[in-house]
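Consider the two complexes below, in which chain A is the common component and chain B and chain C are the respective partners.
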Partner chain A sequence: MVSPVLLIVVPLGLAFAIPLFGFISKRIVKYIPIAAFAFNLAVALLLIPEVLKHPIVVRIGGFPPPFGINLVAGPVGVLFSVLIAVAGLLVAIYALTYIKEGSKEKYHMLYLLLLTGATGVVLTGDIFNLFVFFEILCISSYALVAYIGDRAGIESAIKYLIQGAVGSSFLLIGIGLLYGLFGTLNMADLAQHIESASPISVFVPMVLIITGLGIEAAIFPLNAWLPDAHSSAPSSISAILSGIAIEVGLYAVVRVIFTIFGVSSIFMFLVFLGILTLLIGEMCAFSQKNIKRMLAYSSIGQIGLIVFAMAMATSLAVTGGLFQLVSHTLGKSLLFLAVGYMIYRSGSMEISSLEGMGKRMPLTSLAFTIGAFSIVGLPPFVGFPSKFLIVQAALAKEAVLFTGLIGLVLLGTVIEGAYFFRVVQALYFKKGNGDSERNEAPVTGLIPMFIFVTLIIVIGIYPKLLTDVLNSAASEFLNRIDYIRSVIG
Partner chain B sequence: MTFLHDYIYYIGAFGLIFIGLFIMLVKHNLIKVIIGLSILETGVNLFLIAVGYISKGTAPIFSNSAVESERMVDPVPQALVLTAIVIGVAVLALALSLAIRLYHHYGVLDLRKIKEQRW
Partner chain C sequence: MKSIISLILLSVIALGIAISLDKIPFGVPKTKIGDYYIDKGREETGAANIVTSVVVNYRCFDTLGEVTILFIAAIGLGAVLATRRKKEKREIEPASLVLYAGCRFLFPLILLFGAYISIHGHLTPGGGFQGGVVVASAFLLAYLGCRGRRVSETGIKTVESLGGLVFIVVGLVGLAVGGHYFLSNFLSKGELNSLFSAGVIPIIYIAIGLKVGSELTGVIDHLVEESE
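Right after this comes the complex of A and B.
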C-alpha cells in the first residue's frame, strides 16, 4: 500500500536536493520536476480506488488525532492531488525549453515548492499545517512572479506579496482565535466542537479566515493582485497560478466553510459574491487588449462561477463546481501555455499582434482554439458538461431567485464567448502584418499542449470517467459528520 | 482596572496589529509599508503567545513534580509562533529584496509613482 505522505515528501525532498543536483550537472536540473510529478501522478492514481472505499488518515509521528498532525487523503484530497500532478507534470515538460533566461535551478526549485505547498494544503487535516503549506505556496509564487525581473514583474510581485501577507496575517489571527476558543487545531476536532460555542464568538474567526484565504482565491473584492501577477509572470507560471494556485485557495475556503464551520447562513452571501465575481471578471476581460490580462480576468470570472456553484450547497451543485474546477484547470493551463509561445514569436502581448497566427503557428493556434472553446463551454469539450451540471443544479433548486441568477451566469458565458471568439477570429481570419513564415512552437511545447487537448476532449465526451470521484468528493464536502468520524474514529 | 490587567496582552497585540495595518494603508513609501507589515506580524505573534499564556506560569515539564499542571503554560502556541516567525522572516526578506529591485527599475520607492499596472 502506498502512503499519501509520499505525495508531499518526495517533491519537497527533491526541491531541496535541486541545488545539489546542480553541482553534478546543470543539465539534469530541469528534469527533476518531471520525475517528481510523474511519481506523484502514479501515487495519486494508485490511491484513488482505495480512497473511494474509505478515506486514508495518516498519523504523522504515530500520535492519534486530535493530538498529532494528520493527513486526510479523502476523495477531495486525491482528486486535487491528481489535478496538481497532471498540471505540474505537463507544465514542467513545457518549461524544458520555454525557460531560457535567469537561474534555472532557482526556477525549478521554486516550481517544485509551489506545487508541494499546493499538495500539502489539499491533503492536510490540521488547520495550522494548512497555513504553513499555504505560505510555502504563496512565498514561492511571489518569487516566481518576479522571476523575469522586469518592471512589470517586480511591481506586480510586490503588490501580490503585500496583499498576500496581509491575508496570511488575517488567517493566522483567525487560527489563533479558534485555538483560544477550542484548544485544538485539528480540523475534524474543531468541527466537532464548533456547535457548542456561541455563534458570535465563532463568527469573528470565520470572517478572518475566509478573508485571508479569499485573497489567495481571488474572490471579488480581494482580487486586485491577480491580473497583474498572472499577466507578468512567465507563461508557464501563469498556467500554474491560474490552473492550480487559485483553485487551491478556493479549496481551502470551501473546506473551512463546509467542514470546519458548517454554517449554512453564509451560503446566500457567497452565492451573490460568486455572481459578482463572475460578472466583474468577465466584463473586465472583455475590455482588455492584452491577451494575458484577458486570460487572467477570465480566471476571475471562472472562480466566481465555481464559488456560485459551491455555495448552492446541494450535492449536484458541488459536483458541478468541482467539475468546473477540473475543466478550468485543464482549459486555462492550456490557454496560457499556447499563448506563451505565441507571445514569444510575435514579441508582444497585444491581441492585435496575434493576427494571422493561424498560418504561422497552426498547431498552437488549434490548441488555443480548443482551450478557448472549452472555457466557453462548447459541446465536445470538457467545459460543456461542467457548465451544464451547474445550470442543471441551479434549476433543480426550483427557486425563482436561482433561475434568475443562472440567467446572469449565462450572460457571463455570452460575454466570455464574445472575447474568446474575437481572439480566435484574429488568429484565423485576419491577415497579419510582418512575416507569415511558418514558425511552430518546439516539440516540448507542443506535447504538453496536446496532452491537455486530449484530456479536454476525452473527458468532454466521456464525463462519466470522473463521475465516481466527483460524486464522492462532493459528499465529502457535504457530510461533515462522516469526515469527523473518519478522522477521529 | 482589572479589565486592563487581565487583557493587557491582547490589547497590546491588537494595538500592534492595527498600527501595522494603519501604516500599510496610509503610507506611500514602500519601505514604510514593509515596516508596517513587520509590525503587523509582530502583533499577530504576540497575540498567539497571549492565547496560551498564564500569569506567572512556567514551562510544561511533567517530570518535575514540583510544578502543578495548572501553572504550566500551553506550549502549542509557542510552537506556532516559532513557525510564524520563520515564515515572517522569509516574507520580509523577499519583500525587501523586491523593493531593492523595484528601486533599480524606477529610481523611487513612492508607490504613487509606481503604477504602470492598472485595471
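Right after this comes the complex of A and C.
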C-alpha cells in the first residue's frame, strides 16, 4: 500500500533537489514539476478506492494522535489531492514554453512548493500543521505574483503580502487561543472537546481563524488583494491561484467550521456572505475592460457561490458545492491558460485587443469559449451539472428564503453569461485591427488546454464519474463524529 | 478619520483576545499533551532536551514545513531581486584594520560555536535553527570585514539542497524500515545525555543547521549584491 505522506514528501524532496538537477543540466529542471505531479496523480488515484471504504490516518513518526502529527486522507483530502495533481501537471506542461524570462529554476521550485503546501493543507489532521502548510502555500504565491518583476507585479505582491500576513497572524493567534483552552492541536481532539468550553471563549478564536483563512479564500470583504494579484501574476500562476489556492483556502474554512467547531449558528451568516460575494464579484467582473481582472473577479463570484452552497449544509448542497469547486478549478484554469497566450500574441490585456482572435488563434479561442460556457453553466459542460445540483439543493430546502436566494444566484449567472459572451463575441464576430495571420499557441500550450477541455466535456456528460467521491466527501464534512472516531479511535 | 476607525477596530480585536485569554488559566499545568511530553519525552525519543524532542521528533513534520518556509522566503527574495536591473557599481570603501583583523579572528570561532549549537541540540538549549543563524552571522561579519569577498553561490545552493534532502531521506528511510512511519526514530536511542544519543534527532538537526545557515547566508549575499 502506498502511504499518503508521499503526496507531500516526494514533491517537497524534488523541490529541494532542483538546484542539484540544475547543476547537471539546466534543461531538465522544468520537467521536474511534471514528474512530481504525474507521481502524485498516480498515487492519489490509487488511494481513491481504499479511501472510499474508510479514511486512512497516517501517524508521522509513529506517535499516536493527539501526541504526534497525523494526516487524514479521507475522501475530501484525496479528492483535493487529485484536483491539485491534475491542475499542477497540466499547468506545469503549459509552463514548459510559457515561462521564458527570469530565473526559471526559482520559478519551478516555487511552483512545486506552492502546490506541495496546498496538498499538505488538505491532508493534514493537525491545526498547527495546517497553518505551516498554509504559510508554504501563501509565501510561495507572494513570490510568484512578483515573478515578472514589473511595477504592477511588485505592487500587487506587496498588497497581497501585507493582507496575507495580517490573515496569517489572526490565524496563528486563533490557534494559540485554542491551544490555551484545550491543550491540544489535533483537529479531531479539538472537535471532541470543543463543546466543553463556554461558547464565548470559543467564539473569539473561531472568528480569528475564519477571518485569517477567509483572506486566502477571498470571501467578501477580505478579497481586496485578489484582482491585482491574479491579474499581474504570470498566466500559468494565475491559473493555479484561481484554480487551486483560493479553493484550498475555502477548504480550510469549511473544515474548521464543519469539523472543529461544528457550529450551525453561523451558517445563515455565511449563506448571506456567499450571496454577497457572488453578486459583488460578478458585477465587478462585468465592468472590467482588462480580461485577466475580469477572470479574477469572476473567481470571486464563483467562490461566493461555493460558500453559499456549503453553508446550506445539507448533504445535497455540500455535494453541489464540492462539485462546483471541481468545475471551477477545471474551467478557470483553462480560461487563464488560454488567455495567457492570447495576451502574449496581442501584447495587451484589454478585451478590445482580443478582437478577431477567433481567426488568429482558432484552437485557443475554442478552448476559451468552452471554458467560458462551462463557468456560466451551459450543458453539456461540467459547469451545468454542478450549478444544477446547487439549485436543486436550495429548492429542496423548501423555504421561501432559499428560493429567493437561488433567484439571486441565477441573476449572478445571467451577469456572468453577459460578460463572458461579450468576450466570446469579440473573439469571433469582431474584426481585429492588427494583423490577422494565423499564429496559434505552441503545442505545449494546446495539449494542457485540450486535456482540460476533454475533462470538462467528459465529466459534463457523465457527472456520475464523480458522484461516489463527492458524496462521501460531503458526508466526511457533515459527520464530524465519524471523523473524530476514525482519528482518535 | 481613517486612523480613528482603525483604532476602534483594533481595540475590538484586542478586547476579544483579552476576553478569550481571560478564560485560559495561567500557570496551571493542565495540558495533557504537555504533561505527556515531560513524562515520556526522554524515554520515547532519547533526547535530554525535551524541547528538542518535541520539535524534532513529536512534531518533526511541522519542523520540515518551517524549514521549507525559510527556503521559500530565501528563493522568493532571490527570484524577486533577480528581475531587477543591476545598478551601477559603487565604490566600495575597504573596512578599517580593526574590523578586518577582528573579523578574521572571530570568523572561525563563530562558525565553531554555530556548529556546536547545532550538534548539541538534543542535549543543551539550541539546535539547528539557532546554530544555523549563528553560522550565517559569521558570514555577515565576513561581508562587513572583508568587503569584496563573496561566498560561492554554487556552494550555498549545494549545501542548502543537500540539507533539505538529508532531512527527507532520513524521513523516508524511517518510512521504509522503522515500523512504516514517516520520520520515525529508527536508530538506536543510545545513552541519555551523551553526544551519540537520540537516534535520528542529531542527524536531522545538523541537516537543519546546514540548511538554515546556507539559506540565511544566501539572503545576506542577495541583499549585499542589491546594495552594491
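Assume the second predicted complex is superposed on the first by the 489 of 489 C-alpha atoms of A that agree within 3 Å, B and C clash if a C-alpha of one lies under 4 Å from a C-alpha of the other, contacts with A are read in each partner's own complex, and residues count from 1 in each chain.
One rule holds for everything that comes next: a residue touches a chain if its C-beta (ideal position, glycine included) is under 8 Å from a C-beta of that chain, and two chains touch if they have at least 3 such contacts.
It should be emphasised that the depicted structure is a prediction, and the values quoted were computed from it without experimental measurement.
**Q** May I ask you to decide whether A:Arg151 touches chain B, chain C, both, or neither, giving the answer as first, second, both or neither?
**A** first
**Q** Would you check which partner chain A:Ala165 touches, where first means chain B only, second means chain C only, and both and neither mean what they say?
**A** Once the two structures are laid over each other on A, A:Ala165 reaches chain B alone.
**Q** Touching A:Ile173 in the superposition: chain B (first), chain C (second), both, neither?
**A** In the superposition, A:Ile173 contacts both chain B and chain C.
**Q** Mind working out whether A:Phe269 is in touch with chain B, chain C, both or neither, as first, second, both or neither?
**A** Neither: A:Phe269 stays clear of chain B and chain C.
**Q** For A:Ile139, is the partner it touches chain B (first), chain C (second), both, or none of the two (neither)?
**A** both
**Q** What is the contact status of A:Phe128 with respect to chain B (first) and chain C (second): first, second, both, or neither?
**A** Both partners.
**Q** Using the touch definition from the top, say if A:Tyr462 reaches chain B (first), chain C (second), both or neither.
**A** Neither: A:Tyr462 stays clear of chain B and chain C.
**Q** I'd like to know which partner A:Phe429 touches here: chain B for first, chain C for second, both or neither.
**A** In the superposition, A:Phe429 contacts neither chain B nor chain C.
**Q** Between chain B and chain C, which one contacts more residues of chain A in the superposed model?
**A** Result: the larger residue contact count on chain A belongs to C.
**Q** Output check: A:Cys284 vs chain B and chain C. Expected answer is one of first, second, both, neither. What do you get?
**A** first
**Q** On chain A, which stretch or stretches are contacted by chain B in one complex as well as by chain C in the other?
**A** Chain A residues touching both partners: 128, 132, 135, 139, 142-143, 146, 149, 154, 157, 173, 179-180, 183, 185.
**Q** In their complex, what parts of chain C are in touch with chain A?
**A** Going by the criterion above, the answer is residues 16-17, 19-21, 23-24, 30-34, 36-37, 44, 57-62, 64-66, 68-69, 71-73, 75-80, 82-84, 154, 157-158, 160-162, 164-165, 168-169, 171-172, 174-175, 178-185.
**Q** In their shared complex, at which residues does chain A touch chain C?
**A** These residues of chain A touch chain C: 3, 5, 9, 12-13, 16-20, 22-23, 58-63, 66-69, 101-103, 106-107, 109-110, 113, 116-117, 120, 128-129, 132-133, 135-136, 139-140, 142-143, 146-149, 154, 157, 173, 177, 179-181, 183-185, 197-198, 200-201, 204-205, 207-208.
**Q** Once bound in the complex, which stretches of chain B touch chain A?
**A** Interface residues on the chain B side: 17, 21, 24, 30, 33-34, 37, 40-41, 44, 47-48, 51, 74, 76-77, 80, 83-84, 87, 90-91, 94-95, 98-99, 101-102, 105-106, 114, 116-117, 119.
**Q** Can you check the complex and tell me which residues of chain A touch chain B?
**A** 128, 132, 135, 139, 142-143, 146, 149-152, 154-159, 161-162, 165-166, 168-169, 172-173, 175-176, 179-180, 183, 185, 227-228, 232, 284
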